[in-house]
Structure formats: C-alpha cells, structure tokens
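Below is one structure, written out as structure tokens; the observations come after it.
All chains are identified by letter, namely A, B and C, in their written order; residue positions are counted from 1 within each chain.
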Amino acid sequence: MSKIMNLLDRLFPICRSITGDGVRKTLDILDEIAPIKQKEYPTGMGCFDWTIPKEWNINDAYIKNSQGEKIVDFNESNLHVLGYSTPVHKNLSKEELMGHIYTNPEMPDAIPYLTSYYEERWGFCVEHNRLEEFEDDQYEVSIDSTLEDGYLTIGEGYIEGTSDKEILLSTYICHPSMANNELSGPIVQTYLYKYLLEKEDLKYNYRFLYLPETIGSIAYLSKNGEQLKEKLVAGYVITCIGDDAPFTYKKSRRGDTLADRAVLNVLENSNRDYEVLDWFPTGSDERQYCSLGFNLPVGSLMRSMYGTYDEYHTSLDNKDFISESALKESIKTYLDVIETMELNDTYTTDHKFCEPKLDKYGLYPTLGSQKENEDRVKEIMHLWAYADGENDIIDIANKLGVVANELDEALDKLINSGLLNPPSDK
Amino acid sequence: MSKIMNLLDRLFPICRSITGDGVRKTLDILDEIAPIKQKEYPTGMGCFDWTIPKEWNINDAYIKNSQGEKIVDFNESNLHVLGYSTPVHKNLSKEELMGHIYTNPEMPDAIPYLTSYYEERWGFCVEHNRLEEFEDDQYEVSIDSTLEDGYLTIGEGYIEGTSDKEILLSTYICHPSMANNELSGPIVQTYLYKYLLEKEDLKYNYRFLYLPETIGSIAYLSKNGEQLKEKLVAGYVITCIGDDAPFTYKKSRRGDTLADRAVLNVLENSNRDYEVLDWFPTGSDERQYCSLGFNLPVGSLMRSMYGTYDEYHTSLDNKDFISESALKESIKTYLDVIETMELNDTYTTDHKFCEPKLDKYGLYPTLGSQKENEDRVKEIMHLWAYADGENDIIDIANKLGVVANELDEALDKLINSGLLNPPSDK
Amino acid sequence: MSKIMNLLDRLFPICRSITGDGVRKTLDILDEIAPIKQKEYPTGMGCFDWTIPKEWNINDAYIKNSQGEKIVDFNESNLHVLGYSTPVHKNLSKEELMGHIYTNPEMPDAIPYLTSYYEERWGFCVEHNRLEEFEDDQYEVSIDSTLEDGYLTIGEGYIEGTSDKEILLSTYICHPSMANNELSGPIVQTYLYKYLLEKEDLKYNYRFLYLPETIGSIAYLSKNGEQLKEKLVAGYVITCIGDDAPFTYKKSRRGDTLADRAVLNVLENSNRDYEVLDWFPTGSDERQYCSLGFNLPVGSLMRSMYGTYDEYHTSLDNKDFISESALKESIKTYLDVIETMELNDTYTTDHKFCEPKLDKYGLYPTLGSQKENEDRVKEIMHLWAYADGENDIIDIANKLGVVANELDEALDKLINSGLLNPPSDK
C-alpha cells in the first residue's frame, strides 16, 4: 500500500471534532510527514463574536434493545453519535429515544453527520432505512463522553522563504470518519508541505494551518489576523480535494488576486475541465479569511465541492469515494500553482526599440523559416515583448496558452542574456 | 367584466390626437382611478426647437360613392381619418380622391394609422384590399374637423415620499383606437399609480405623466426639465405593455442607472424569457428624456415593442391583440421593480472581522449540518458579507439569483439584530 | 489579362532577397503604378541591435549529376537556392552534397523556402520526394552568387493630406517567387496607393513603405521611428492578402487604436466571416512597429495568415494559390477602411435639449408613421443623439450596425443644417 493511502487508513477511524483528543492524535500522525506545531486556545477565550467552547471527548456509545443487543454502536462508525453529545446512560422508551435519533430520508442507506456544538444535546445518527429495526418498547442508551473546560487545538507549519511575503495553506481537522470532506484536505496539504520543504530558495514564506473549521479560523484570526493582512499575497482553503471529479475553483472575494490568477492559469492551460465560482459567503474557512475586515486573498481549489454531492456529510463519503490517483493529481496541481506563484514577476527590458537580434544571444536558429524551435522562439519573443513592467509572467503565459511554470527556462535564458532586467526587490 | 377591461372598453373608442377633446376625455376617465391634474400649453408656445401646434378636433368624416352610400365612415373606425386632417366637404373625381387615400399594402386587411401634424393635409386611411371597391368616377368627401388656436393638454399625478428623490412614470395619450400601442400604457400606469397610492412610507416621490408623445414630453421638459434633472433617480416610459409577448427592456442612455438595474434584477431572476436593448434615439419619449442635455435615467419596459410587430400602427392593434392577464402581469412586474428600488440601499456592518455567531441572534439553527433553513441562512450571510457600503441590495440579490424584494425579511432581521447598520440618510 | 494579374506575372519570376537587384527591379516595376522613391542603407550601418548585412546577388545555380545533367536548376525555380547562399562551384560526393540539401518532408512535393541571412552557408532546397533521384556518387554544384558590401534598398511613397497626422501602409519585398506571401502585399498596397492618389482632400498623410522584412523595418525605424511615433494615427502591415480565405485581422499591440476600430467596423458590418487576433510578437513587421519603445498603432489585415496554411513558404504558394477577385476585394476592403478613418471624427451639437424638429430642416417626412425613409431618419437621429464629443462616427456606425462610410450623406446633411457643429481642428 502506498504511503498516502496508508496515511488515510490511519487517520480515517479517529473520532475528530472541533476539540478533543481526536484533533491532537490527527496532528501527531501528520507531524510524522512534516513538522506541525500544536497550539491550544482555552475554553472561554473570546475571539471576535465567538467564545472557545468546552472540550469534548468520547470513549464509547451504543443503543441496546430490550434483549441487550447493541443495535447502534459507536465502534462501528463514530458518525452514529451526534457530535458534541453530552454524556447519557439510561433506559428509556422508544418514544423518548426517537426524539434523539437523526436520519436523512434523502440518503436512507447512509448515516448522516450532525453536530450540536453550541447547544447541549445528546443524540444518535442512524441510517433512515434502519428505523424499522427499532421494534422494541424499551432501550438502553449510553454515551460515554465528557464536555468540560479544556482546549481547542490547532496545528501550524511554516517554511521560511527569501521575501517577507507569505502564502497560506489552510485545511480543517474536525470531522469524524469521512474522506473527501475532510481527510483529503489534511492529506493533500501535508504532502504539499513535505514537497515544499524539499525545495530550495523559495521566494515566499509558507504557512500551513490545520484548524477546526469556523471556530478554529476565527480563533486564529483573532490572534494573527492583522499579521496575515500585512504579509499574505495568496492563500487557499484545501478541502474536498480527493475524489475523481474535475476541479472546482472558488475565487477569493477580491477575485483577481495572485491566488486566483495562478490557479486559473494552471487550470485553463492544462486541458482539464473545470468550474470557476465567484466567492460566496457560505462554505469553509474562506468565510472568515475573506470577511470584510480581513478580505485576504484566499480562494479554494476543490474537486466535488461541499454541499454539491449526495454523499456529502454522510457515511458514504468514505474511503471508496476518493482515490489515490485523484489525491496525487491534486497535490501535483497545487504544486503547479505554487510554482507559478514562485515564478511570477514583472520584468523590464532595455531593448525597447525593435526586437533584439536573438541569434547573437544564441536564442534564434541561424537558418530562417524553419519550423523547428518555433515554440521556444515564441516563448522568448513573448517574454521580451511584454517586458513592460506591467504584464507579469502569468499574463504572458495566458497569452501563450501555457502554464506559467513552463516558461522558466526561456526566462532564465533571457535574464542571462541581459535581454530582461532581473526583477527589482519589491 | 373586470374593472381593467372595462376601463379599456371605455377608452378604446375615443379619438385621441396630440391635442383636442379626446385627450381631455381620456384623462377624465383615468382620473376616476387615480387623481390626474390636467395642464394646458397654448398654441404657439415655444419649447426648445418646437412650437405647440393648433388644437385639432373632429366630429365626423365619411366618403360617399355616387349612390350616396358611405363607403368609408369615421364612426366605424377613427383610424379612417388621417390624423390632423383639415376640414373638407366636396364632390370630387376618383382620381382626385385617390391622392388623399392612404393604404398599407403590406397589411392589406388593416386600416393604417397615419398623421400629418405639421403640414396641413386631409386624407383617409383605408384597408389596401378595399381599394377595388372604389369603382365610381365621382365621390363626396366630408371631414368635419377644426384646426384652431387652442391648447395641448397633459395629465400629471404625484405621490409624495419621504426622500427628496423622484421616480418618473410616463405614458402617452395621443393615439386613436389602438390597444397595445397605446392604451396598454395609460392603463398599466394608472393601476400602478393606484396601487402605489395604497402603500405607506414610500421612500421616493412618484410622478406620473400622461403626455401626447414627442411634443408633450418636449413641452413638459421645457418647463420642468431642470427640476427632473435634479431629482430623478429612475424613470420608465410605459408603452406597448399589454400583449402576451415576453418583456423587452430598452435601457436608459446611461445604461447602468437604478432604473436599469432594478428591471434587470427582476427580469433575470423571474425565470422569464426577456430581451434587453441598449438605448437608441428612435422610439418614444425616452428620446427626449435621454437627450444629451437631460440624459435622465429613463428606460422603458415593454412587451412587443413599437415597430417590431405587424399589427403596429394599424387597426389590427386592437382589443384582441392584448389580454387582461398580460396587463395584470405587466402591472405586477412594474410593482416588483418599484419595490426593488424602494428596498435598495447600501449597508455597513460593525461585524467586519469574521462572521457573527448567528445563533446568538436567532439567525442560525443550533443543530449543525442540516439542510433546513439553508436558503435563509444564505440570504443572511450574503447580506452581512456584502455590507461594505458599496454593494447594494440589487447587487446582493443578483449574487443570490433572487429578486431583490425577496430579501426584505432577512434584511429586517439583520437590522433588528444590530448586525447591519441602518442606512444613513442620503 | 487584367493589369493586376499582368503585374503579378511580371513580378513573380524575380529573385528577391533582403538586399540586391531583385528588390530594385521590383520597386522599379511598382513605380510604374504609383511613384516610389528608392532609398539605400549601406552594408555595416547599425540600426538598434542590428547591422545592415552584405548585399547578395545571384545569376545562376545548378546541381549536375555525373552525366552532366542539371537535376536542380535555379532557372526553373529561384526557391531551389538557399537564400543568401555564398558562391560555390565544385565537384563533390553525394554525402557531402546531402549536407547542403534542404527538404520539407511534410510537404514532399514542394520546394521549401529557406534562407541563411546571418550565417554564411550555401545550399539547395529540393522537393522531398525528389531525394530518391540523387542516385549518383558524384555531383557538380554551382552557385553563381555574390555577397559583398553594398546596400539594403527600400521604397517609399507619400501622399500629402490636410492634417499633420499620418497613416502608414507597409509591405515587404524580400521573398522570391511566392504569391500570397508575399507578392499579394506589394500589389494590393500599390493599387491602394494609386487609388488614394486619385482622391482629393484626404485628411491624413499617407506613407507607403516597401521594405525587406524585419531588417528593413528596423533600419527604417532607426531613422524615422521618432517621427512616426509623433504623427502616426493608424497603420497596417499588408501581407498574405491574395487568397480566397476570409479575412484575418491581427490587432495592434494597443488593440483599440483607430487602425483596429476602423477595420473591425468594416469587417463586422460587411456580412463577412472573419477572424480577429490579438497582437502577438511573432509575425511580420508589426513586431518592430509595435515593439515596446514605439508601440505604434499598426495592425495587419490579412487573409490566410503566414504560418497557418500548408503552402506557406513553399513553391506551392504560387500564382494558383491567389486570385484576381480576392486581390480586388482586398483592395476594396482596405479602401473602405481608409474611407472610414477619413470620415471618422467626433461631433458636438447645440441642440442638446430634446430632439431638433427635423422636418424644419427637411430631414423628416411630414407624414407621420410611414415606414419610408426609416433608415435615413435612424441615421440622422443617431448622428445627432451621439454628438456628445465622445462617441465618434465609428462608434455610431457600430450602434447602427453599418459600415461608417455609409453615413457620409447623413453627416453632411446634419452639418449643413447646423444641427452638428463641424469638428474643430485637432
């Protein structure tokens, strides 16, 4: 089994929520791939309009029928427990039990995923088609959970670059056993992190956040938002990125940031189908990153987006729903996007009046009218012709219809020939 | 018979022209629905490049053949007389008569509608297919009309709102017995006027003009144009609005005024087919309202537009060409547009940094991940997220794909919760 | 035979290159149609990053087999010699010969067109399918050419207009016997020149350049570029304009110059298929005209563009590939474009408040509601309504959906009526 699928196998059974040991265990495992520092925010800490809730942990849970048989068992699927359920252990009537059972009639064979973070409740989530199995009058329910003062845990990784500008990758680690939403996110982000660690001379600083969704990004922004506002040039929320569907890109609120332009250059010039959506204020943590006060340049490159596929937020969003090849293509695509941003810059030339005699610089074949080398000459000519200090490499790549990072060789040649001035520090 | 069709029946037979008693009688009848004040401009009054013409009235007209039989009779259709025909009563040869007969060979069964306001003529308009009935050598013609110094009459209604800004509704009342162009216009406008009178707390002032086309709006603008320029935020020329065809919207000259944006929001999000046309300098009174010196924000929401349907300006543009249901849908649509403009504003929020915790305000379900209330939460989130003082409610409704006036409840809730600041007076 | 095809017949056999007597002879023949002044730049003259090369001339060339039979003969096609081949006369082995033979396997029945201007070489270009005829072991090759200090020759024509602004027409005269690329260019340009000479009162000055491609325009710009920068309002590189394919327009680098707007008005409103390309830095002399430092308003209206058709740069781009009717339509289209630019201007009106009473000026029928004269009234109304000093005649023609030069009569009438102010000198 490949390392990436082995990682998935290890992370999948863990019962994560917005707080608790499942989060810590998940971060510990990811830390084996790339160094992730855990930070904790205490219960009761205020963050903007929100407050860090109590920490929730769970050991076991079940429903037994009157014969004492476990008919619903947390050990079979942690989705069976309503997230953040308060502890309970008692016998009760069928009627009372039914007030605590949640199903999704539209997906009758799936266990729905439900939570009650901010109102104390207990409950079980069951396949709608199994309701008929509840034939007895009396049941025993047990949820062996704790809801106490504690901490909300986040993970953070960092790679230092040569400039003072930063790129943010953010994913979430608060969902129990589901694959596309959410484990594809932490897995893709962590491998991306690992591969970037291997690169030298990165221009940008890279920050990798692993947060419980919503409350995690709000807490993080309450501490670090102003710093991000100052340094961030691009960012992505990495989620729903493991299935075989075409890519979906949700733009940043501003819509024309480096984050948006780099992804669109890669998608448009890769012969893929893809969909582009304008930013909207529902979704994942880009709701917070792009909120009015921050308005950070953060988009989200996904595959089957949250809320758009039937298996979403059910037990059918399982390991079969995603694939190793899709995960790897997603990692590769995010890497292409990052290379594009690393490469991107505007250039100027001192050869403004008529084209340089390229053969003098070894950049043009001496035998005219041959079709060989046409593409390379085209690249060279475009990079020179648009070295106006306004068009950047992404613009030029878009004119050429290529992914920007394919221009790296031609760019080096032009700089080495003195035909392009190296970019000034900005 | 419904009130609206009864109104049509009463107005249809009246012989209107740009001046004369037909105009006054029409305004008297409409005044029964909503108060319309008549104003008169005297013959000879200058208005820009134009002069108020003599007043024209007509009692009767006919052509008799040599047996004394009326073969063309004003009482059968007032379209038979060339508009503004000078009086005549004489016997004449067929050849001489034919110099005064107008037909439309392209619509051979219809009486064409023709006028000669600014050059003195007399004439009869006849179905092209009836020319063969003119077999005699001698005829008697009579047009019992007067063309004398008098007045040009216009009608005006007004509803006072709470702001000092104004919305203009303008229609024309100068065509004889034709239904889509023009009686649909005065009927729709007057019912709109009636329904707006029933509303409380209108933000805008509403002005309703009933004018003879062209000369009427030029005369009105010569007296009131500067005031309109100062106060008008939107306006519509209401014409050709009674048949069952899809809506056609002709934009204001500026193209992006409140008038344009409100109509387009309503049409785009109502699952209707519709057509949008850029402003052009032929057409109806928007020619004057949008002339360079005024350039008022006036568009025109129509159905089958003037000049585009075969029955236009013929006796076949009759009561069968329009329908009660179309008239009512037109009134409803103009009301939607007006509600959209009334509702529209830009908002700001003091919750700029991360989203407000909506459940604290009763605006979010406490049980996470449920599909219920999704649309309402989406509305709430959009209204909050774009409360940037720049996007207005129409912009936000367009992002949501809804008609703006559907957002009124969500908007009230957000204002009442303190999550949106009430709009400052502007 | 028509004059235009006779001209083609006379020019076709001449062996042109970027220097030499072929260029001079070509300009001499074109000078019979319209006066063309020859200018010469000496070998060694620097021009920006380039230097004028030695002058190349050729008398004869052949390859003989071991029986002394000419198997490749310059007199059959001047394409057989690699352009700028150095002189050679010797016996050599098949193996050595093959190092000097060029073919195009993708077009095996065509002689490819190749040159080596800037590296001294000799060679022959042969149909790929004829390689099998080279069965002998020994051959005699002869190229009776000279490559010596001399001159690069260009041609220039000029028509003086009433303003100080200039329009540039530029074509190239450096290709041996090929028809679409390039003889269609000099032929169309010279007839355009001839027809413009017959016109009176041209507003713009017209400059006609006949240049060896690339080095010719670079040399010209090194002497005259600053003057062109100051005076040029539009220009076109005329090339690949003789075949029957639909028009292709390559925009100027700026993309919205008078050059671009005039061509697009003509193409869009002429019921033709056509293609529009954004500027790109490969192609013909617009590479130099539009280089960053000059950025002149120069586009290129072509038919089958260089590099896009199989016959390009081969012996199959011959007289059969182009047609008299296509050449004539091309001339006519360039003339339409020029008339559009001559006519184009912005106007103002003193009748800004409501429309003028057009019948007072004889510009409107006195009988209302007739369909006659509708198009003329529409033209008049549009020209008046958009006389805002911002929309120019091309803008107005685009709104009307007509070629701008169709508006000349209506424009004259409005100016003569005093309804438009004559354009101020600019």
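We take it that a residue touches a chain if its C-beta (ideal position, glycine included) is under 8 Å from a C-beta of that chain, and two chains touch if they have at least 3 such contacts.
Because the structure is predicted, anything quoted here is derived from the model rather than measured.
*Asks:* So what shape is it, when you link every pair of chains that touch: line, ring, star, complete or other?
*Replies:* Complete.
*Asks:* Do subunit A and subunit C, two copies of one chain sequence, contact each other through the same residue numbers, with over half in common, or through different ones?
*Replies:* Copies use mostly different positions to touch.
*Asks:* With a Cα-based fit, what is the angle in degrees between subunit A and its identical partner subunit B, given to the nearest 5?
*Replies:* That rotation is 120 degrees, given to the nearest 5.
*Asks:* Report, in whole Å, the distance between the mean C-alpha point of subunit A and the mean C-alpha point of subunit C.
*Replies:* Computed from C-alpha means, the inter-chain centre distance equals 53 Å.
*Asks:* Can you list the residues on subunit B that touch subunit A in the complex?
*Replies:* Where subunit B meets subunit A, its residues are 349, 351-357, 359-360, 366-370, 377-378, 381-382, 384-388, 399.
*Asks:* Which positions of subunit A touch subunit B when the two form their complex?
*Replies:* These residues of subunit A touch subunit B: 47-50, 83, 112-119, 121, 217-218, 221-222, 225, 278, 280-282, 287-288, 291-294, 313.
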